[in-house]
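Presented sequentially are two complexes of chain A, the first with chain B as partner and the second with chain C.
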Partner chain A sequence: MPTEIENLNPSVYAKCKERSVTDEEQNEDVPDPFDQREVFDLIRVINDPEHPLTLEELHVVQQDLITVDDANNEVKVYFTPTIPHCSMATLIGLSIRVKLLRSLPPRFKVSVEITPGTHASEKAVNKQLADKERVAAALENAHLIEVINQCIASS
Partner chain B sequence: MGKLEEIHVLQGHKGRIWSGAWHPRGNAFATCGEDKTIRIWSMDGSEWITKTILSDGHTRTIREVAWSPCGQYLASASFDATTAIWSKTSGEFECNATLEGHENEVKSVSWSRTGSLLATCSRDKSVWIWEVAGDDEFECAAVLNAHTQDVKKVAWHPRQDILASASYDNTINIYKENTLDSDWECTATLTSHSSTVWGISFDATGNRLASCSDDKTVKIWQAYEPGNEENIPTPDNQTVWKCVCTLSGFHSRSVYDIAWCKLTGLIVTACGDDAIRIFKEDDNSSKNEPTFSLVCTMHKAHEQDVNTVTWNPVTPGQLLSTSDDGTIRIWKFIE
Partner chain C sequence: MTFTLTEESVLDAFTTDQRMAEKCVEVSQDLVNKKYDISSLVEILGFALTSKEVELRVNGTRFLSLTLAKLPPDYLSPVQLDFIVAFYCDRLKDHHNVIPAIIDGLTSLVQMKNLSDGSVTKIVTNFFQHVSCQSQNREDREKIYNLIKSIVADHSAELLAMGANFIYNVINAMDSERDPRNLVLLFDFMPTFIKQFPLHHLAEEMFETFACYFPVDFHPMKDDPKSISRDALAEKLSYCLVASDDFAEWAIPLALEKLESDLIVAKLDSLRLLSRCAERFKPELMEEHFDDIWTRLKSEILPGSGNSEIVSEGFVTLDAILLNAAQNPDVSKNVETKILSNIIPYVSNTNHHLFAPAFRIADCCVNNNTAFAGEKILGAVAVRLREEGMSLDAKIKLIAKAQTILEICASKEAFTGMDPTTLGEIQKDLLNSLRTSDPDLISLAWLNIEHSIGIFSEIQRDELYSRLVDALANSSNRVDLSGVLSKYATTFGDEVNTKVVNEICNNFPKLSKNSKRNVYLNFVVLVQNPKFSDQILNLLTKQIFEIENRKEVGVALSALQKLLESNLESALVSKIWNNYNMLDNFRELIQSGSLDKDVLTQISVVISLFVRQLSVEEQQAVVDKCLPLMQLNNPSDLFIMHGILSHVDQKVSIGSHFSALVTKLVHMCLEIEDETVRRVGNTLVCTLVNRIERTEENSAAIKQIIKTLREEIKKEKKSAVETLSWVAKGLIVGGFEEAGDIIEDISKLLEHPTLFEAAELAFDVISVEVPELDLPMVKLLFKQKIFHVVLHKLWDKLVKFEESHINAFAFVLGMAPHPVLKMYLEKVGPIIFKCIESKKAKTVQIGLRIIKRFLQEQSDYFRSHFNHLIPQLLKLSSYIDSMVIRISALECLEVICKYPVFVVQPYKVDVILELASPLDDKKRLVRNAAVKTRNAWFLIGTDTSKDNK
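Right after this comes the complex of A and B.
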């Protein structure tokens, strides 16, 4: 972990309310496709690697920057680093990827990218996060997986 | 349109299967994956069964396996930064040599046509060429640093000691030994793909190379040797490779592997959209402007990404695929 915090005073936003569960969702006979809110609920509670705050509170992830196409098995998440030179961007992206990898059924193709125009190394980070071989290798790195597990621990 | 028939679905590995390779005799194959084991399969009656499990060679994911042309040796490339050489000299498969030198994950390994050279590549951006010096002895003949990023794949020319490598830097490099000072050097850099090049495969003659990429395209490259009849300039008297065909609009995600059948000339691709596709060169195709048609798409060939496809070297139309879904599938292509 870095000794110096890059963004000392990030803007903090309110959390959204818990999702209300409808009667239809309680009904086991009604098909219940994955939706935007469900994916948001999975990742909004991830801890920021630098601050004792969640990705939701920092607006790193936002519900309307998630697209879910349940029928075509596609999930796309845009995340927004708090500052354009954030060196934690890859780590945050990896944490979101790992959380979704562990939570969603394997049929889903998940892509995690930086919100266009919000980071200096946007293309490089996106390419790395999209490379499943590099992600697989990174997840075999004991130190890195420990850090990621801390980020997604309480979630 | 052709048809792809699923003949066998094989299970055994735990988790993602990264690679599979046919034995040169076509009656056995090896597979490997994130469970850090290698399985060797062969026919028992009409079923493929695991004959051997090699589990003590690597401490991390095994990314690729490759048989030597004589079929006596199996090489395995691992994220643990080593390449292991296995042989059956004493009856059972044993690891007889471990090649160390790469700084981190080894991504691919390939034997030259005679089996006297071995190439490996790594995320450390280098390509290494090893000389097979004795039974279990390998000497590093060259460390090539022509790529600027992670090197994903190495493949030898089928008729000459020419090596090709594909990279995260979006390029393919071609290497040859300089006959004057016997130093290996990069003689050509092939640029046209707009993202990571995952796979490369030569045709039977070695005059053409097919490549597949994260940019969702397949490209065909043609070699023009010095003195070629098309009068294409060949600076420094080196063979020039030109992209003569791009197949786009067929794949909807990253194309992870490509194999050019040495028997039939068919090209097969493994894609992140779970499909296997087969392309055939058109009858009226030409050398300098070839055209290829999609002759088969097998949607949902696997339940997840397809990582490897490879043609049986002896039985025309027989195909092996491996996937993130943890299965190996054997297919038969019928035209």
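Right after this comes the complex of A and C.
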């Protein structure tokens, strides 16, 4: 963790309400497909590495920026760093990736990218996050996985 | 026993401490009985007191001091006391080993009544001249402090005359004391001391003596018999640091300096010291330091994201400071102006991360200077609300926060002292919010309106009323405006009557069903207000009892039910019951037919709510009137009967009707096909056999119905098993003997080829808690009793794990209190495991619920069976037939994570792999549980999971 905080006064947004349980969800016979909100619920509770706030409260992740294609087994998540030169972007992206890796069935192909035009080194970060081997190597790093676990932990 | 006063006997007394103590008691008694006087004692002791051997002098002085301690306070004359005081003062120059004995003697002397003037001065002067307190050991220092305490209590006049000298000596005595036991003594005593004695030029010295302990750094030993805690010491110290007004000059800067520390304890102590300062010092004194205080305090509480303990303590401090300032209006205004100028920029920016903490500070300010701060904050809110382009979310957030402020202002009746323009703006904003289409914003605005009743003018209220009518009469969704309605009805009764209630009542028939429901549910709160009571009850009863309204009777009944559940006064209930002739009207309504069963059940509930709130005499009258009229072979009468008898008071007698009543009921239950009606009949039988007084006739009736039921069972009638189980339930809860035999009968039926399923369900009936069932006779520990009885009866079959018996016993397990299961865990544990392997979903469910509870307690029994339990739970996490079971199994697995790492680590890889498949469950709720559990298992053995333990 850096000693200095980059974005001291981020804007804080309201959390959305908990998803209410519908009658259909309680009906044993109706299958519930994976949808945008379900994936959003998985990642909105991840903690920001800098602030005691969730990614949802900082608008780093937003429901509209998630696409889920249940039939074709694809999930695509765009996230928006709070400032364009945020050095935490890779770490946040990695946290989202790891959380989804642990929480979504293996049949899904998950891609996590920065919302186009919101970060200075967008391409580099996207490339890193898309590279399976680099992600796997990063997760072998004891210190890094500890930080990621902390971001995911209280969720 | 008397003491022979000789050198030998005195020397003999010196041999052990206990002997000396005994002898001193004897000597003091002899002195009191005038066998000899004090001078003879001193004379005989002379050899020891003046001996060249230190040891002997110590013993001599101790002997004398102990004897003095046992003498009555008025025993010695002034002359004798002068002599002894002079002697002790002289002894102070002696060897330091003698000093403890001298301190004992002096402590006894200063408590003597006949001490002449000047003696205390002499003692104090000589004492501090010759004895250095901090060179004594711990116990002796304690004695010295107690000596000071007792002279301060009894001889303050003489000490006050000594002026600064005495203060100086006291400061010297306690300076650099390190022992926590002595410090507790000093910290307890010094605040009173400082208030009693002027500190002269020594105030700063006195303050410094205490300041060096701040913040308290002390780690008590585990086996400390006095169990002094750090927090107790810190609290006592804080009172010393603010004991004198002179200390303000140093105490506040001290607190602010230590607030900068990185240690949480130091910060907390500093904040508490500041609160203490605010409680103790005058507002003017505090104001001098306020700029510094606010700068430091702001950095602790405004970011709002630091240590939560510090933040909440910070708010306590801020509250104390503002409360202190409120004593002086000018100071309060200055102080709050400074605070508000800092926070107002954030108060109006809903997305700023300081928005919430700034409002928390604003609440504090408004609480302590309501009119001033309230006006400023509401002004800022109003300005912001009028800005164009403000998002709906931001508006909702702002109005929600403004509500707290309005609530405080209303509760302190501060609206009159506030600027009318600001209030006008807020009123407009609230009314505007009502005109929007967002339901969240509208309900928030109503909530605000409810809490700011005083701020609306008559014209504005007119608009409010028309909005209210509109919301009630034209909304298809459920709206709850009962709070606004009841508050405005209390304050502006006539206006609400003409402009809301009459308005709606006149147009009532034209309203839609949903609107009618809204009107009923909101209007029932007004029944308690005498002005509205009749009108609203007329509206309700008309709806229920008039034929043309038959289709919507359920809506009105729900409203009546809500009304009866709202803790009405019993006189009002009785009035409604009698005035509206409820019983007859309901009978007539039911007899007119064409009501569906839900409505019949509702009527039964409403009647029972009425009856149980009547007085015992009225209940008796109702029962006496109705019982002869009822025809139980007619199901509609059954519902009325159930309403009357299901919750009737235990003191009400059913008299001679019981036998006929219960026999008819049982016959009806045996015959009737309809399940709802049968259940109503069965529960009524259950209540009746439970509550009835055990006369010979009634017992015979019960025996008879049991006999009838047994005969019916022989004919393989399932409904007989069901009714018998309800009878058993009523009997066993009341602790009646017959229950044991019935359970035996039902147990046997578990092996019956056709009735075994009914018998399984019978155990469900016996065990399950039915909220609407009233069983007045409840035997202490009846659940335990059921558990024991059933366990005993089924044990032979249970050990063979027979399916039906396991299923039946599962119901009993589900009901048994947790401590009972815990006691018998070794015995029932294997059965619980069999439950989760059962084919029957209900049995598995009960098993999982019990296991989860044990796992939450980190039960060792289940821990030793993880090898078996974890694979079974993983298997159940994909149990096809029931999502509830899948979720419960996953929840159990999640609880298992909380066991120590070394216990669960071996299973980690397997569980994580296996849990991948429930992640793709077809039901979302199962997936959610799987995500939670799988993520928790990933964290086992990492630092994060350690923090949680």
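Criterion: the second predicted complex is superposed on the first by the 155 of 155 C-alpha atoms of A that agree within 3 Å, B and C clash if a C-alpha of one lies under 4 Å from a C-alpha of the other, contacts with A are read in each partner's own complex, and residues count from 1 in each chain.
Heads up, the rule we're going with is that a residue touches a chain if its C-beta (ideal position, glycine included) is under 8 Å from a C-beta of that chain, and two chains touch if they have at least 3 such contacts.
Since we're looking at a predicted model, the values are computed, not measured.
Trainee: Specify the outcome, clash or fit, for chain B and chain C once both structures are aligned onto chain A.
Mentor: Superposition check on chain A shows chain B and chain C fit without a clash.
Trainee: After the superposition on A, what does A:G117 contact: first (chain B), second (chain C), both or neither?
Mentor: Once the two structures are laid over each other on A, A:G117 reaches no partner at all.
Trainee: Would you check which partner chain A:E133 touches, where first means chain B only, second means chain C only, and both and neither mean what they say?
Mentor: first
Trainee: More residues of chain A in touch with chain C or with chain B?
Mentor: Of chain B and chain C, more residues of chain A lie in contact with C.
Trainee: Please compute the chain B to chain A to chain C angle from C-alpha centroids in the superposed arrangement, rounded to the nearest 10 degrees.
Mentor: 140
Trainee: Output check: A:K109 vs chain B and chain C. Expected answer is one of first, second, both, neither. What do you get?
Mentor: Once the two structures are laid over each other on A, A:K109 reaches chain B alone.
Trainee: Just the number, please: smallest Cα separation between chain B and chain C in the overlaid arrangement, in Å.
Mentor: 9
Trainee: In the superposed view, which residues of chain A touch chain B and also chain C?
Mentor: In chain A, residues 106-107 are touched by chain B and also by chain C.
Trainee: Considering the complex alone, what residue numbers of chain A touch chain C?
Mentor: 9-14, 21, 25-26, 28, 31-32, 38, 41-42, 51-53, 99, 102-107, 145-146, 149-150, 152-153, 155
Trainee: How about chain C: which of its residues touch chain A in the complex?
Mentor: 305, 351-356, 393, 397, 881-883, 916-917, 919-920, 922-925, 927-928, 931, 934-935, 938-939, 942-945
Trainee: Along chain A, where are the residues that touch chain B in the complex?
Mentor: Residue positions touching the partner: 106-107, 109, 127, 130-134, 136-137, 140.
Trainee: Which positions of chain B touch chain A when the two form their complex?
Mentor: So the residues of chain B in touch with chain A come to 16, 34, 60-61, 63, 79, 104-105, 107, 123, 150, 152, 168, 195-196, 214, 253-254, 272-273, 303-305, 324-325.
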